[in-house]
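Going in written order, the chains are labelled A, B, C, D, E, F, G and H, and every chain counts its residues from 1.
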Amino acid sequence: MNEKLLLDDGTELEQVFCRPDTLTDVPYHYCPGCGHSVVHNVLMEVVDELDIQDKTIGVAPVGCSVFAYHYMNIDMQEAAHGRACAVATGIKRVLPDKLVFTYQGDGDLAAIGTAETIHTVNRGENILIVFINNGIYGMTGGQMAPTTLPGMVTSTSPYGRDIHMSGYPLKITELAAQLPGAYYVTRQSVHNPNAVRKLKKAVTKAFEYQMQNKGTCFIEVVSNCPSGWKMTPVETIKYLEEVMFPYYPLGDVKVPKE
Amino acid sequence: MNEKLLLDDGTELEQVFCRPDTLTDVPYHYCPGCGHSVVHNVLMEVVDELDIQDKTIGVAPVGCSVFAYHYMNIDMQEAAHGRACAVATGIKRVLPDKLVFTYQGDGDLAAIGTAETIHTVNRGENILIVFINNGIYGMTGGQMAPTTLPGMVTSTSPYGRDIHMSGYPLKITELAAQLPGAYYVTRQSVHNPNAVRKLKKAVTKAFEYQMQNKGTCFIEVVSNCPSGWKMTPVETIKYLEEVMFPYYPLGDVKVPKE
Amino acid sequence: MIKEQEIIIAGFGGQGVLSMGRLIAYAGMIEGKEVSWMPSYGPEMRGGTANCIVIVSDSRISSPIITKFDTAILLNQPSVDKFEKAVKPGGLLIYEQSTVIHPPTRTDIEIIGISAIEEADKLQAKQIANMIMAGAFLEKRPILKIETLIEALKKALPPRRHNLIPLNEQALNRGRELVKQAELAHS
Amino acid sequence: MIKEQEIIIAGFGGQGVLSMGRLIAYAGMIEGKEVSWMPSYGPEMRGGTANCIVIVSDSRISSPIITKFDTAILLNQPSVDKFEKAVKPGGLLIYEQSTVIHPPTRTDIEIIGISAIEEADKLQAKQIANMIMAGAFLEKRPILKIETLIEALKKALPPRRHNLIPLNEQALNRGRELVKQAELAHS
Amino acid sequence: MEKEIRKEEPRLMKGNEALAEAAIRADIDAYFGYPITPQSEVIEYLMREVPNRKDKKIVVLQAESEVASINMVYGAAGAGARVMTSSSSPGISLMQEGISYIASAQLPCLIVNVVRGGPGLGTIQPSQGDYFQATKGGGHGDYHLIVLAPASVQEMADFVFDAFHLAEKYRNPAMILADGALGQMMEKVVLPPDGGLSKQPKPWATTGKTKDRNHNIITSLFIQPEEMEKVNLELQKKYEAMQSEVRWEEFQTDDAEILLVAFGLSARICQKVVDLGREKGIKIGLLRPITLYPFPYKRIDELADKVEFILDVEMNAGQMVEDVRLAVEGKVPVYFKGRMGGMIATPEEILQEIEAIHEKQNVLHD
Amino acid sequence: MEKEIRKEEPRLMKGNEALAEAAIRADIDAYFGYPITPQSEVIEYLMREVPNRKDKKIVVLQAESEVASINMVYGAAGAGARVMTSSSSPGISLMQEGISYIASAQLPCLIVNVVRGGPGLGTIQPSQGDYFQATKGGGHGDYHLIVLAPASVQEMADFVFDAFHLAEKYRNPAMILADGALGQMMEKVVLPPDGGLSKQPKPWATTGKTKDRNHNIITSLFIQPEEMEKVNLELQKKYEAMQSEVRWEEFQTDDAEILLVAFGLSARICQKVVDLGREKGIKIGLLRPITLYPFPYKRIDELADKVEFILDVEMNAGQMVEDVRLAVEGKVPVYFKGRMGGMIATPEEILQEIEAIHEKQNVLHD
Amino acid sequence: MIKGTVKIDAKICKGCELCIVACPQNALALSPNFNDKGYRYVELIYDACTGCVNCALVCPEAAITVYRQAKSSKKSQLKSE
Amino acid sequence: MIKGTVKIDAKICKGCELCIVACPQNALALSPNFNDKGYRYVELIYDACTGCVNCALVCPEAAITVYRQAKSSKKSQLKSE
């Protein structure tokens, strides 16, 4: 870092952005254009900047991001499907001075893990929950998630999600925000550079709040799944903007009253 | 029923209230003054009046009311702890013309069964959920429930519920009401005759909505546990009024927009 | 010397049947005997009887759960209904007389009715009925010294409640007297 | 007559490697052979290769999962990197030439490069590259008749998509030609 | 059940899909499940196909978890439905409480476990590591599932019928214990006939109390130990009766000097071993248990009288081998060959093992 | 571990409470659990007592479920804590996925199962019906717990130390398999000394990556079958090594002609049977497995050489008896006597059984 | 004139006293006697009962039958409200 | 004069094109060539780059390093915002 580049014409350029130090060298296994990678980058960027590599312990879910621990160069645990919040509780309670976060998909956090999610937030566990909502089960090949939109085609809703059969998409972030244990709840995305900037701010805040023992911070990232959605990465941006965000509006859901 | 009573002085009195027909003769095993019994009575009273004994299928929880099936003279299933909503979903989906209800305690519905509760309501399963919130685990001898009030002494919060350790009491009824699948959500009690009358109306409405396929009806009954609270039944009434209701205010939480 | 006593103590929750049993077991331990104490637990306690099985023995105890007893100490009607038949022939049944409307009827065991609740009321200490029963029991089956029981009580109670010890002692003695009176009446 | 062919077909998801394999298996079944088709599955598909193992045999097939192959049909670089070494000595490796920058190098197997993607582009049908590869394979290992493959295709495609059959046939034939050309070039 | 002659054209299908199609044809009333590799095709197929079967009324619901799935199965089964779920190892572990409840409440249903390599999250590759869990009871208490182990896509389909038939006959949950390869692979299958499994009345089901009967109760709670023991004795009697349903298959055991015992995919591989061995003049035979519970103890015991040794082959660290040893009770040595974590022994590898043992045995005999 | 001489006064305690007090003295860092009869006193005792131990920093948390509990245990164990949970049968069934994960990730921890009668909701009375689940692996995949079976309140306390010692030595989850009676009963106990179990460094734990080491990863995912097989082989090697920890107890086996095998509460009862039998001149001996995994196969096999027959006694339908039969391999007949659903056989009943078998055997021998 | 009365099933009464506090007429009280279950049960102690049903509604044991001098032929008063 | 430039790690680029659409200067495009992973990778096609970091922010593979003619010695532009 802080490397300089000297061009042929003598111009000196300064390095202003590079791969975060706290990423390992292992190439991501994610599909091209997958939002998981971007969120990983942002998380490790913040760990770099806050200089908390030695204090941060991550919990990976079962989902496409199950291998997060290969990429994030911090101590990590891989939790059973849906149990990341319970695992994080176990870690944080015995190591209250460390910074603990979970990283979970929508199937993991909002389906099988619903009870753990709700109760962890309700207890106000002093952790950060990062919730990647791509409206689908990426890992297992594109099945319907609790957050799949009405009418959206997946391998288990081949004729589109039918709300009479499966109900409406679950806005678990709004539920979480209702709980007194939730300190800071926000919905972000990574579909363009500004969104990435905002997410980074949110993550920074969340870690700072955790250092101040404020309770649970909960960041939803409305993300994409080019493979599951059967779209090119570029097409997913449009789908996000036109279809996902109207249902999952971006922005803070609960901010601390300071 | 409709029996008359002829007094010595020649006055003829009409029977205006008696034990519901749809109760069996088995005496309740509940502790003296326990609200469970009253709610059982009300439920069966409504089954009598709507004449739906042959259509109604109940699901008993694991909790003090685990033996509900001994008392309610209707077809019933006993579910695993916390899974009554899943069991009811299984029944209702294969028998959509029957009237299905669950009967669950606060440990059952709001702790171990949180995921099933949330997702059943979110799917809008066309059932009635009866939720007996007595702020304690009665069955297992008085441990802290998710709904135990701050400072309340139980066998697992011997120095009073500590919100820093266990979080605030979970208002799962309010969460359920947020879900689009919830059609009618109300909080009732049985601590005096009028409360019982209101509960009966709520139950009647809920069954009627179910006949109209409206979605999930959810009735919380803020109840007592003389044994767990270590109070006489009469003392529990005061505690309910003075301590429980302020935290769990009675009344409708979500009413149908008609 | 009695080498072993297998005892069931039953009544409503709140009547102190569990603590009475614990006290006997504790005293047995102090006297160097093998003891076990096993409570009833679970939902049958709701609105029904609480009970505990106490075994005091000179030799090692195998199972703490048994179904036949040398002695039954029964503080309410449901307990009498349930455990009368569980007393071994020749065994002893002591029951609380003032609240039991259908007294036990077996003829192959010794049956003693004690109005412990009434007597406790007289001593202005409802919660002491259990100790009156315990006194009655020890009068009939002197497996333990009363002094040891008092010693056990001292260890079981927190110091700030040691003022209750004289009352308990009184109750124990009252129980013993009542047995004697009952026997006198029968003889 | 070839009694058995154990084939691995690999490439990116979306290149039609699974359906090509299925077609070969289906055609084998029509010809009365024993067949099995086994896809790769799970997260290794993410951003990596999809593959399937196809076995066409005259006798009963034991395991559908094997690690050495008579033939490898490989449509991208990672597949070449992964499966080149899995070809049995004397076996066949056909790879997509236009996108693979490090071609296979073994000398104890037969290696044929086919620019299937380029050729498919020429036919204005990107999705047909797999059939070009299939044609090439059948030219080298005539375990099945081309007609059976077409028949299989008819059964596999819904009627409304039968208009695609001539294109597929063309691709198969193009593959066969390309092999011949390649062999000519080498010889 | 007699095997009928099937007229339908053979199809090329995945094991998971053949199983799902068979379930439709077996007239299931409901399926509840949660996706997990390598069996998600079961629910995917049902979601895709069921809406096209206008003559059928089948509930297909993706539950929020495996815990919910199995309890939905409990509810539907209690209400008299023909109902099933499917999952793979970790998901099946989550179902253990529910399975124990279903067994105790004596409800018929089908649970499919398309096993992957464990323990833990493990690998998604095929395995037979859940034999103990399936046969000895992964849940609490004394109970047994009827366990069928298919070895082909054909059996993935056929055993759906067998499993429901047995489950309903005995009011007992049945399990199909397959593995990832059987679920994922395609091969030829001739599907069982639609509607070929009749439905018997279930007077015990909770379908609404009518005037002419007492209220029906589905429960697994028997708080009095005397009562609970009675229920247990009843269960044990049922398991005893189920022993008559034991099924297995033998290959070239008539003159075998060495006996292979293997189930599922391992048995397919061992069949090849038999052939390879016999080509070399080694008289190998194979017994394949088809029902893992009940287990063919007796037949293995009989065969033990005739062979030099037994080699049990599994895709795990040695589980069924305990049952084989229990069958044989020391009569002949029982050896074990296993690969783990998704690895599969090749026929050659197994034959080598046999030859090595053979040599060792001969040395011993000298 | 050498048994030290204990100076403390004996106390009268419930098994559950003695276990909880021992956990405090064994310096646990954390307990996570969910109430269930007959073991709720464990968490109740900890909640009551821990705040009074100002010298200790122990986390005691009531989780929202057993599923959450076991996963909290996983997290805390992975972070290097000495951590435990306790439950009873249905709750333990719910933990099976988590247990399989913990075993696969090789994390030390203690799981206490105070068994009640199953299957299903069953009864809350004592039982030994979870032997299979504990020893063969109720979860998916090939793994084993270290399983200790106490037979007294004293051992309820002592085995907490043993369990953590072994768990940490082998980086493997350990289980204490008790029953409702042992949990609920009070008897004399001399508690183990406070702080008597030292803590070794856990360099693998996720405590925050420091500059001087690579990042630590706790996982049970090994997607490549080759890798997963390696993990499995490593586990198997560990289980092999654990065999050296096998523990059992014998009573009057020296001259025994009849051998009783029983664990836990059943073994206490069988001790009485030995006495009663010998009074009658029947030479009975008793072997009590203390570790159920590893199991004393070898010793039972040795004793089998000397006795006429073996009677295995359990509070279930016959589970450990399979291991006894595997130990004996047909050398002598192995009989089984079991009561179920919370029922407990009396010494007299067992003796009668012995006499009946004895008679039958003699007829056979004539 | 007697407006109403109650019959209390003494066998199943658990003496919880909830009916006593619910009765606007203070017409109910615990008996000094015990029932088969060992509980003191409730009795109507004088003729003030109006048949208002309050006691019956709150009785956990459904032990109370209420009679009233009234035209209503409804099974229970509740419905008529 | 060149205001900025990017270095793209062609080895790990997956050709998702997200950087291309994120670049306000339209300075990026897919190469006709393939990398070791079989993907066409992205290249800077002319000197319009301003070093605005947009492409790098959205790059899933963290494959882009950005240089800019600027005083900021901050590790990343983000922080300075």
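Annotations
The definition used in the following text is that contacts are C-beta pairs under 8 Å (C-beta built on N, C-alpha and C of every residue); 3 or more make two chains touch, one makes a residue touch a chain.
Per UniProt, the chains are C, D = 2-oxoacid:ferredoxin oxidoreductase subunit gamma.
All values reported here derive from a predicted model rather than from experimental measurement.
Looking at C-F and A-F side by side, the one with more C-beta contacts is A-F.
Farthest from subunit E in terms of Cα centroid separation is G. Rounded to whole angstrom units, the spacing between the C-alpha centres of subunit E and subunit G is 59. Between the Cα centres of subunit B and subunit E there is a gap of 41 Å. Here the spacing of subunit B and subunit D, counted between their Cα centres, is 63 Å. Between subunit C and subunit H, the centres computed from C-alpha atoms are 86 Å apart. Among all residues of subunit A, those that touch two or more other chains are 28, 30-32, 34, 66-67, 78, 80, 111-112, 114-115, 119, 139, 141, 146, 165-166. Residue positions 41-44, 47 of subunit D are each in touch with at least two other chains. Shown for subunit E are the residues that touch two or more other chains, namely 37, 61, 64-65, 67, 90, 97, 101, 105, 121, 124, 219-221, 223. Residues 24, 53-57, 59-60, 66-67, 69, 72-80, 83, 86-91, 93-95, 98, 115-116, 119 of subunit A are the ones that touch subunit F when the two sit in their complex. Per the touch definition, subunit A reaches subunit B in the complex via residues 111-115, 118-119, 122-124, 146, 163-168, 170, 174-175, 178-181.
On subunit E, the positions that touch subunit A within their shared complex are 34-37, 40, 43-44, 47-48, 51, 61-62, 64-67, 90, 121.
Residues 62, 66, 78, 80-82, 107, 111-112, 114, 137, 139-141, 143-144, 146, 155-159, 165-166 of subunit B are the ones touching subunit F in the complex.
By the touch rule above, subunit A contacts subunit H in their complex via residues 1-2, 5, 7, 9, 11-20, 23, 27-28, 30-38, 41, 45, 48-49, 190-193, 196-197, 200, 226, 232-234, 237.
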